[in-house]
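Once you scroll down, you'll see the structures, which are given as structure tokens.
Shared between the two complexes below is subunit A, which has subunit B as its partner in the first and subunit C in the second.
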Partner chain A sequence: MRTEALHRNAVILAALVAASVTACAQVTEDQQKQWLGTPAASSHIGHLSGNAKAAAGDYRRYCVVCHGELGDGNGESAQWLDPKPRDFTLAVFKCRSTPTGTLPTDQDLYETIARGLDRSNMPPWNTFTTQQRADLVAWIKHYSPRWQTEKPGTPIEIPPEPEVTPGRVKAGRDVFARVQCWKCHGAEGRGNGPSASTLQDDLGRPILPYNFAEGGRFKCGSTDADLYRIFMTGLDGTPMPSFADNIKPEEAWDLVMYLRSLQPFPSKEKAIAKSLGLTPVSTTSTGP
Partner chain B sequence: MVSCRRFFVAVISLSCLLASFTPSAQALPAFARKYGLRCSACHEAWPMLNYFGQKFKDNGYQLMNDRDSPIWQNPSYWPMTLRITPYFHRESTDKLPDVVDAPGTTNPSFVRGLTYSGFDHSGLDILTGGTLEKNISFLLVPSADETGAFHMESANVRFDNRFHSSWFNFKLGKFELDNLVSEKRILTLSANGGAYQLYHFIPAGDANIFGQIGDNQLGIEWMGHSVNDRTRISAAIMSTTDGSPDVPYGKNAYSGFFAASQAFDVGKLGTDRIGAYAMVGQAPTVFLTSGGVPIPSTGTGNKSFSREGFVGQFYFNKLNFQVVTQHGTDSAWFGAGFGNPIDNPGFPNNGPGVTLPAGTRNPSWNGAFIETHWVENPQLVFIQRSEWVHMSQQSIPGTPSNLGNTDNYVFGFRYMPLMNNRAGLAWHNEYAWIRQRGTAPDGSDTTSSSVMSGLDFDF
Partner chain C sequence: MNVEYKRKFTAVVTALALVGIGVVLLGRDRVNAAGSGSITGTVKLTGTPPHMRGIDMSKDPYCVKQHENNPAKMENVVVSSDGGLQNVVLYISEGLSAGEVSAVPSEEPTVDQHNCMYSPHVVAMDVSQKFKVTTSDQTTHNIHPLPAPGSGNIGWNKSQPPGAPPIETNWKAPEAISVKCNIHPWMHGWQVVVKGPYAVTDEKGNFTIKNIPPGSYTVTAWQEEYGTQTAKVTVAAGQPGKADFTFKAK
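Up next is the complex of A and B:
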């Protein structure tokens, strides 16, 4: 069942990427300039409204060296960077609150700019004013035709976080085994699963799974809710799929608690896992 | 005697100013290479920092992601930058003392002007800095003057984000004081415009060299800031040596420097910042002597001095203003010429039985500068600075109230044809004019000017 879901997601993603690449291959600089004046090249974050044109200077000053003049991720530094800078012409983003395959909300992009992306060269740009960030979100959107024809997805609902209990941590371990997280992330969450060395992003570049035991910040945030969101929406453009079809909301919180126990920091989840004597999952588990 | 000494100090100060064109600015393409960012990411206009660059510096030269640790760097990466400026310049001073025409010519004069021009080059800065480990960083800047004589401009190690908090950062060594408007990243370079007068002001006849907040100092600093750097606060304790090694002056003389600032979002205009600073310290006036010559490191009889003021950085799209004010006060002992017989053995030593001349008071002054930048784009910046330092109280009664008052005006622009993540090149053009009241040998004003055009580059 899980394999089918993975395949389905992969097919959808591949189709989206292919469609985007095809569309973008036809995008000219003139078209991008034309899109600057459209309503799609604006942003709305709470009471803030971003204007793409107002961000031109900031983009040139701070962003162009990696993301490139055309937003295609081919800035002058791109050749040295791993992972490569985001290609805005594809409009495929890792950090979203929306279902896999859909466009992110303006709020998602706004938060990503300020948070930065660990294990990449994207630093936290939290020195921008809120208005500057809103303008940059609008600017990013003018690079892709997807923003002209599609609406962002509806953010997934995250139920209230339940209390951490031994039963939930243990159930989370079962989910970890059932949906085969270990295949990429390893039985102990060290990012060394049997598939780890074969992983590639949608553009065919090698990519590593997250190492929970290292304790670094997650790609898309650091809270429990961020972790929940990551595996329920997936990281588009990477092999990390959405598990929204495979994991029920209450199970998702169980998985969050188990994943926390794999991190090196002292936590209630870790203490519970230790007291329960939880061992790493069996790598002979079969998928859902 | 006092008048001669005052005159001597004024001339020495002016000479030092003219000879001090060694920018020692800190702009490191090594950081740009490390992170793959253009210089414009951290510099409003190279080498002046923007808000993001200030945050990078405050985090110990870290962007605060996992790529900060040196383990992420290509093994061939070397965190080193060289900076030098070849240029053409014209210097002019309208009154110099004891200038005699060449032998065989007529019309000898003892007070006359001097103008010269020619091709030249600045000193050399070797700037190395980066992380030794995540949250442990260093800055080392061996710097040569234009003759090739080296000194250590900066040498410090930082420990950042102690206790997982951005409020606990410590730095030990020789470092720039936490001046929001940094003279080490000044956009003007000429002999008469390459330094902030306010950061180095010494009243005529005063011998206190230790209150120069523009000079790097030896000490330890605690600095704390909010995660996004909106709020900054720092406190440093330094040996009162004006950054000189070997503790050559007092046996037990220390100074403190305190700074705090708060930034505010102003919507589309960006982020403005206001703050305040204070330097308070003590320096010796009594030295042991051997054969009449003061012995280094023996100074006692500490007397006090202070400098305090406000700082503002205001942005209006392409236009920005940097404003610094200062009120300064020295002990009357410094005002009377005591304080530094080590560098100037002719200066008085506060030995047994020495008393202050009757009526001597604490010299004090007020000053400010406004530096305006029009940043057309990250590659073209126009600069104007107006600076005034005026005495509010002379140390010696009867001294002209405006003696030593300094007015400085600077204009220029820098065009950077290169803007990449590997090197920096600026075509720098500047005119600077300065007037010091009553410091000419005949008691009139001294005015000097500089014109320069050069290529400022680092790689």
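Up next is the complex of A and C:
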């Protein structure tokens, strides 16, 4: 009986090992067809409900050239683009309100589609009706197995924005120095920190850190809350990590204010930084 | 059946049941005692070991300073003077009972970011076993595991500035997960997730997988450059199984 049990377990184990090896295989079109019929291929944004099948025409007309038939980011135009179109089969997204390593909410994707991604070929689709966008969110979710087994993360909490004060802008500079944003973004936020030139995204392609001094829009929204969210959730698929474990909510607002002072536009933050005579953080420390 | 008799009957049945449970528990204990068997061995590399390049850390003066007196080298293949191969993960790929496979050890393996390297370079763990990522460096790291798509594990990317608290987490599926720090691109390590008991070779290439009951097993050895090898091993009561492996330098 013992040997029988052993044998049975060996078979189970072998099957598990085989499964873990074949699991790495690519997502197939047949699987995606099947996922199109599952509850995951829907979306809920406020009182709006999106249905994947209703987006098939729009996807083909507007998205397929870049994101591809199978949603794998290999559309006809992809070869000419940098950064590359998102591979929806991986379900790894830059713009999330949810912690690093979790799926975004439907709302996140819905807003991304309307906003587009700055400094990329992903245009804003803000002429679409809200229903069209909700349906496209549902459609995107039929491409990856992750939507079948995982739920979106819980959005991080963002406390109300406090008033901009000299004390906060100065404290923000301390956070910038302490967590060493400058390693990639540079002491003046010019995107030229010591590690900037070596950065690669998760697929091994070169990628540049954001240049605050240039003043372009952030990838994932342009409000203060969007900026807060970007460094507290990270931009998954890129070197930009989450700082949620190491920056307290109060400090996060301080950092937002200091980052604003690095941008070229006139702002209260910038005026304060000037009147305080804030200098770029030191990057020479070699520790004890 | 009168009430008195019924009561007695219930008492007897309960007593018997208790004895039964006791026997089962004792039996379990015996299995646990047998579980203290082990598999030991050595992993060697034959042929000329590949040259481990020195690491240029000049992007971060802090890292350079930590290596003033002990220049940093790549760690893909670490071999002792007599050919012992370090950082090889050994685990049991066949022969364990389902219960033995699914038991999760309570100790927490730790990988530390130390002098801008991962210490150890390879950390092994069981599926669902908690592990820790710590930093003793006065420079910011970002810890960025990159599991394969569809592996059952999902990647993440978290920063650890100087003095950061440990990250405590686990993995859901067996996989050798490549880990990177984007800030220090030379930093590369492995989090190797297996099912059931495991061991990692020390600097002499020696290992001991503990808590293995008597039986016949297949042991798999994994090395990041040379892939996997397997060996059949028998563990008898009071006698550890022996499994030696030899990888060939490419």
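Convention: the second predicted complex is superposed on the first by the 259 of 288 C-alpha atoms of A that agree within 3 Å, B and C clash if a C-alpha of one lies under 4 Å from a C-alpha of the other, contacts with A are read in each partner's own complex, and residues count from 1 in each chain.
Quick note on the criterion: contacts are C-beta pairs under 8 Å (C-beta built on N, C-alpha and C of every residue); 3 or more make two chains touch, one makes a residue touch a chain.
Since we're looking at a predicted model, the values are computed, not measured.
When the two complexes are overlaid on their common chain A, residue A:Ser242 makes contact with subunit C while staying clear of subunit B. Touch criterion not met for A:Ala55: it reaches neither subunit B nor subunit C.
Of the two partner chains, subunit C is the only one that A:Lys183 touches; subunit B does not reach it. Of the two partners subunit B and subunit C, more residues of subunit A are touched by C.
Once the two complexes are laid over each other on the shared chain, residue contacts for A:Arg146 go to subunit C alone; subunit B is not touched. In the superposition on chain A, A:Thr130 contacts subunit B only, with no contact to subunit C.
In the superposition on chain A, A:Ile113 makes contact with neither subunit B nor subunit C.
By the touch criterion given at the top, residues 5-6, 9-10, 12-14, 16-17, 20, 23-27, 89-90, 92, 99-102, 145-146, 150, 178-180, 183-184, 194-195, 198-200, 202, 234, 236, 238-246, 284-288 of subunit A touch subunit C in their complex. The touching residues of subunit C, counted against subunit A in their complex, run 59-62, 64-65, 93-98, 101, 137-140, 142-144, 146, 148-152, 154-162, 164-165, 167, 173-175, 182-185, 195, 215-216.
Contacts from subunit B toward subunit A in the complex involve residues 35-38, 40-41, 51-52, 55, 63-67, 227-229, 265-268, 270-271, 377-378, 420-421. Considering their complex, residues 54, 57, 60-62, 64-66, 76-77, 80-81, 116-127, 129-132, 135, 216-217 of subunit A touch subunit B.
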